[in-house]
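Below you'll find the structures, each written out as structure tokens.
First subunit A sits with subunit B, and in the next complex the same chain sits with subunit C.
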Partner chain A sequence: MTVRKILDIPVNRVEGDLELRLEVADGVVVDAWSAGTMFRGFERLLVGRGALDGLVVTPRICGICSTTHLMTAAKALDDVVGVTVPDNGVRLRNLALMVEHIQSDVRHGILMFLVDFANPAYRDHPLYEEAVRRYAPLAGEAIIEAVRETKRIIEIIAVIGGQWPHSSFMVPGGLSYAPQVTELLQCRHVLGAYRAWYERRVLGCSIERWQAVDSLAALDAWLDEKASHRDSDIGFLLRFGRAAGLDRLGGGHGTFLSYGSLDLPGETAAQGSGGQLIAAGFARGPTVEALDPAAISEHVAASWYTASDGGLHPSEGKTEPYASGKEGHRYSWVKAARYLGGPAETGPLAERVVAGDPLFTDLLKRQGANALARELARLTRPATLLPTMAVWLNEVIASGARDVYVNPGPITDGSGVGMIQAARGALGHWIAIKNGRIDRYQIITPTGWNGSPRDSGGVRGPWEEALIGTPVADADNPVEVGHIIRSFDPCLVCSVHTVRKGRTIGRVRLEA
Partner chain B sequence: MGSNLYWLQCGGCGGDTMSFLNAETPDILQLFAGLDIDVLYHPSLSNSSPAEQSSQLEVLSSGEVPLDILVVEGAVLRGPAGTGMYDTKAKRPKKDIVAALARQARFVVAVGTCASFGGFGAQTEIEATGLQFNRSEPGGFLGTEFRSKAGLPVINLSGCPCHPQVLAGALTALVTDTELALDHYNRPLSWYGMMVHQGCTRNEYHEYRVEEETFGEKGCLFFHMGCHGPLVTGPCNKLLWNQRSSKTRAGVPCFGCTSPDFPQNHPFFNTRNIEGIPLDLPNGINRAHYMVYKVMAAAAAPERLRQRRTEI
Partner chain C sequence: MPRPARIICVGNRHHPDDDLGPRVHALLAGSKLPDGVELVDGGLCGLDLLRVVEGAGRAVFVDAVEGFAPPGEVVMLGREDVAALAEGPWGHDAGLPYLFHLLPQVCDGEMPDLMLIGAGCPAGAAVVAGIAARALEEAVRP
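Here is the complex of A and B:
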């Protein structure tokens, strides 16, 4: 006889608050509901504020990717006024954003994902002692190094923009400040030191060697090749992750989305696609299509907002709260972002699939999407960014760090869009200005894609789907579930939609 | 004899945690090890199981295990209608957990402006408040009479985010029983007894009223760009951020984020003025005197400043 039970699981290390309800049959997840349990109120708070206020307000949505929200808000305003940012403005904006990404990838990968391998659930695992030595909270040797090195690389953002997190140095037309060339020369040292550490500690090899890993077979050969490969964080992720079966778990819908990101300057040695370093597109499995921004919509059928039929494009979307508490089918403050009416996952794995990266395309063909591939894509993303960061830094220095800003004049009435890739995936700001003030502001965050609840058709969100088939050995310590969820690098604080004062909400219970 | 610490995240962005991770000399690991602080729980760092977390909360709330330091990050969300259901943990309003732990803790520390004063969610539909202030009004969530077991009010370390060295320094003082003199918002004077303006590299431009009117210039940001540097207190230009710089040094106006009134309701990047002189003047200044001083200062400005030839 099948034993079915319902588990309610709070998940930490997800930037904010997430709770899962799982239906488990004979120790395996058969259904999942993901609930964002906090609601903060940013979009409506922006309405009526000054035209530039998104540059100050939206970075405060998220402590780990404040520069990313700033970039998106600045690009939306660039779009409103129709200004072209000069090349050095583009380079320095990109550089700051890339620093934030490589900080986030390492902090998430080591402090929030690999730390689970030191969970007591694995105390009998042959690799457990090594995992504890490396990743014990606040004590493991990798934790200590990750804390020390990630704060150093962030110094580059402070040189460009004053501080991290929560500065507002990107403005329509470029940057608020041109750093001195001598300061940027110092950034070369900071960048070089981070790269050397990343190669030694995280990759266990040079970036050039890693770039030659272009298939599952090449990955296996790389792992066998040297002790330094096996002993690196990537090596340990592969060894432990495979032993824990993470390459067979956490599949999801198999659809991937990237908005594209990091505009190429007019003149640069960096190579990209479609004018951007990170390609835009949508993929079903390894098959990639061009991105159509009009195909994006948000559903609220399972979210605590007033219902609309089907989905609305964010330029038309509303954020009207509604939660009776009795209906059962509404269970999250996160809306359901959909592409062509269906769910799509976004993040580093999606970026690599959309870009046609040979390693991840091969992994997808042979294994399908999985939690291990997702985290591998994240922890190796710095290897794809660091070389171009050096190119752009050197190009700014060579051109005297001049011309980082053109004055676009006052912000005119109109609408604009900023769409980029955050560390966690696709991020969009849709803004409209009227009478010099913000008239609408809609935001879809990466977690609005990955952590979405069901849509109008009852289709699960990506990580709800990815949880199906996950074993739960110990209901009190469901470490496997944590691996799947954290492979998406959730950010619940970005579930920003706001509500109007005076509405009441019942105590909502999820119906299994 | 060591201390223990419990870090609770409420209505916020996690930015104070991210900022704290940037602490230097000591970094967070050196800080906790050096002071023998046992971090019972931190939402971004702990890997305990949900069951352990829940039983830990129980024994701390009941007082069975004594709690030395409660750090709260993010505002207390009371909405809607006082239920606190906009921010829950295990179906329980987070505000109830704040109340239970604050009753037991020897010290309660509010890290960041949201926890101190409410921040972005104050005066909005989510009914956010700080622990012991709601904006500048005393009381907040715990009430004016609240004292932690050590007999202290909530120690407010405002800033959006809080400077990591301020939190590290405050924890060091608390654990070592070193007295921290507080201002009238219960912020340590050591860091909140100076203006953000002090130490800004644009000070010479400020002295001679050489002012930025658009982004990317080298002048002072006070007269036109909405800078709060001379108006609010904070250590930004003394301690610097990320060991390097500050917003004002990088041409970004101070938004007054340590202030109980942050965020302001009028537009950022813009100085409200009366006949060209800022409406809000540096603390304690007589407007007539200030107008005369600024006219004379502008007249006295040396050419190298007018021509923006001085590096900042």
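Here is the complex of A and C:
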């Protein structure tokens, strides 16, 4: 007889405000519901404020992606007035965004994903002792090294933005601040040191060698080639991940979305696709189509918002909380973002599939999407960004770091959109301005795609679908579920960080 | 040259449950600070404040706290108190406990004295003013 039970899992390490409900039959997930339990409401907060206020408010949505939201807000305002940002403004904006990416990718990979290999669930695994030595929470040698090395890279944002944290240096038309060449020369040293560490520790080889890995067979050959490859974080991800079966977990719908990102300057040695370094597109399996921004919509059938038939394009969407009615049908504060009416996953793997990357296209054809491929794409994304970062930094320095801004004029009326790739995937800000004030602001975050609930047709969101068929060996420690969810790198709650008392500790009481 | 004391205010001014740090920052930013005291708007950052802490002789964090005392009551915690709250792996919701825990292992240069002054939110204006005064007092303490 089939044994069915419901598991409610507060995935508190993924996000304090994300909960999963799983239906498990004979130890395998047969249905899943992902609930965002916090109303964010930034869109409502912005309505009625000054046209430029999104530049200051939206970076507070996320403590990790603040530069990303700043960039998206600035691009939305660029679009409203139709301004063309000068080349050095484009380069410096891009560099700041890429710094956030290469820091986030490494921190997620090592501090949030690989750390699960030190989970006691694997205590009988032959690689467990090595995993603990490397990735034990707050103590593993790789954990400490990753924190130490990734702290320095944000100095580049501080130089470009003139301030850290919460730099608000991106404005419509470019940058509000032009860094000095002498400061940018210092950035070159910081960037070079980060690349050297990344190659030694994370890749175990040069970026050029990694870029030659263009198929599953080439990946196997790379792994066998040298001890430094096997001992790197990528090497360990592959060795342990394959042994734990992560290349067979977390398939999902098999649809992928990238808005495209990192506009190419008019004159540059960097090469991209469609005027961007990161290509835009939509893929069904390995088959890629051009992106149509009009095909994006948000459904709220299963979300706690006022109802609409089908889905609305974000330029027409609303964020009106509606927590009553249809109890049991609505279960999340996250809306269901959809493309061509269907779900799509976004993130580093989607970027690589849409770009036609030969390695990830081959992995997709042979293995389908899976948790290991997602994390491999994330942890190797810096290898795709670091060389171009050096190109753009050198181009800015060579041109004297001048001409970073053109005056866009007053912003009184109009509408626009900023669409980029955040570290976690597709991010869009849709804005409408009337009489110099924000009339409408809609934001779709990457987690709005990956962590979406069911849509108007009852179709599961990407990671809900990815969980189907997952074996759960221990309901009290569902490490398999954690691997899958974290391979999407969900982000729901990092706008609020209070210090919470988790257990009794001493304190000193003072009089206010 | 002595290392400065830094008052680092952390939180989200758009969330009433987490706006203590920004309100204290706003109050102190409008006043003359004692010599050797620097003020930092730490915003939403956690580990990314490592570079701000390094180089300081003392780092006085100001942030909202939960569960230590009734709202409005001032709480002061030492480095080990806060570090002890870091449990399990780092995540998007990781905050100051991880920074306090990891700092001795990743700090470049001499370790600063660390402390956290906070209160449960929402906090009234008198509490904000009291915490600002206390932060200054701790920053200049010999």
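Basically, the second predicted complex is superposed on the first by the 484 of 512 C-alpha atoms of A that agree within 3 Å, B and C clash if a C-alpha of one lies under 4 Å from a C-alpha of the other, contacts with A are read in each partner's own complex, and residues count from 1 in each chain.
We take it that contacts are C-beta pairs under 8 Å (C-beta built on N, C-alpha and C of every residue); 3 or more make two chains touch, one makes a residue touch a chain.
Values in this document were obtained by computation on a predicted structure and should not be read as measured data.
Legend: residue contacts after superposition of the two complexes on their common chain; A:477 is shown touching subunit B, with no touch to subunit C. In the superposition on chain A, A:425 contacts neither subunit B nor subunit C. Touch criterion not met for A:281: it reaches neither subunit B nor subunit C. Applying the stated contact rule after C-alpha superposition, one finds that A:57 touches each of subunit B and subunit C. When both complexes are overlaid on chain A, the residue A:107 reaches subunit B and subunit C alike.
Note on subunit A: of its two partners subunit C and subunit B, the one contacting more of its residues is B. Once the two complexes are overlaid on the shared chain, A:147 sits against subunit B and subunit C alike. Of the two partner chains placed by the overlay, subunit B and subunit C both lie in contact with A:138.
By the document's definition of touching, neither partner reaches A:241: not subunit B, not subunit C.
Looking at subunit A, you'll find residues 13, 15-16, 42, 45, 57, 60, 62-64, 66, 107, 111-112, 115-116, 137-138, 143-144, 147-148, 150-151, 154-155, 164-166, 493, 498-502, 505, 507 touch subunit B in one structure and subunit C in the other.
Those residues of subunit A whose C-beta lies close enough to touch subunit C in the complex are 13-16, 42, 45, 57, 60, 62-64, 66, 107, 111-112, 115-116, 137-138, 143-144, 147-148, 150-152, 154-155, 164-166, 490-502, 505-512.
Interface residues of subunit B facing subunit A in the complex, by the touch rule stated above, are 9, 11-19, 21-24, 27-29, 32, 39, 42-47, 49-53, 77, 79-81, 83, 85-91, 94, 120-121, 124-127, 160-161, 214-216, 236, 240-252, 255, 257, 263, 266-270, 311.
Residues 8-13, 15-17, 19, 37-42, 44-45, 49-53, 55-57, 60-64, 66, 107, 111-112, 115-116, 118-121, 137-139, 143-144, 147-148, 150-151, 154-155, 157-169, 171, 173-180, 404-405, 407, 474, 476-479, 493, 498-505, 507 of subunit A are the ones that touch subunit B when the two sit in their complex. Listing the residues of subunit C that touch subunit A in their complex gives 10-15, 17-18, 41-51, 63-69, 72-78, 81-82, 84-98, 101-102, 105-106, 116-119, 121, 126-127, 130-131, 134.
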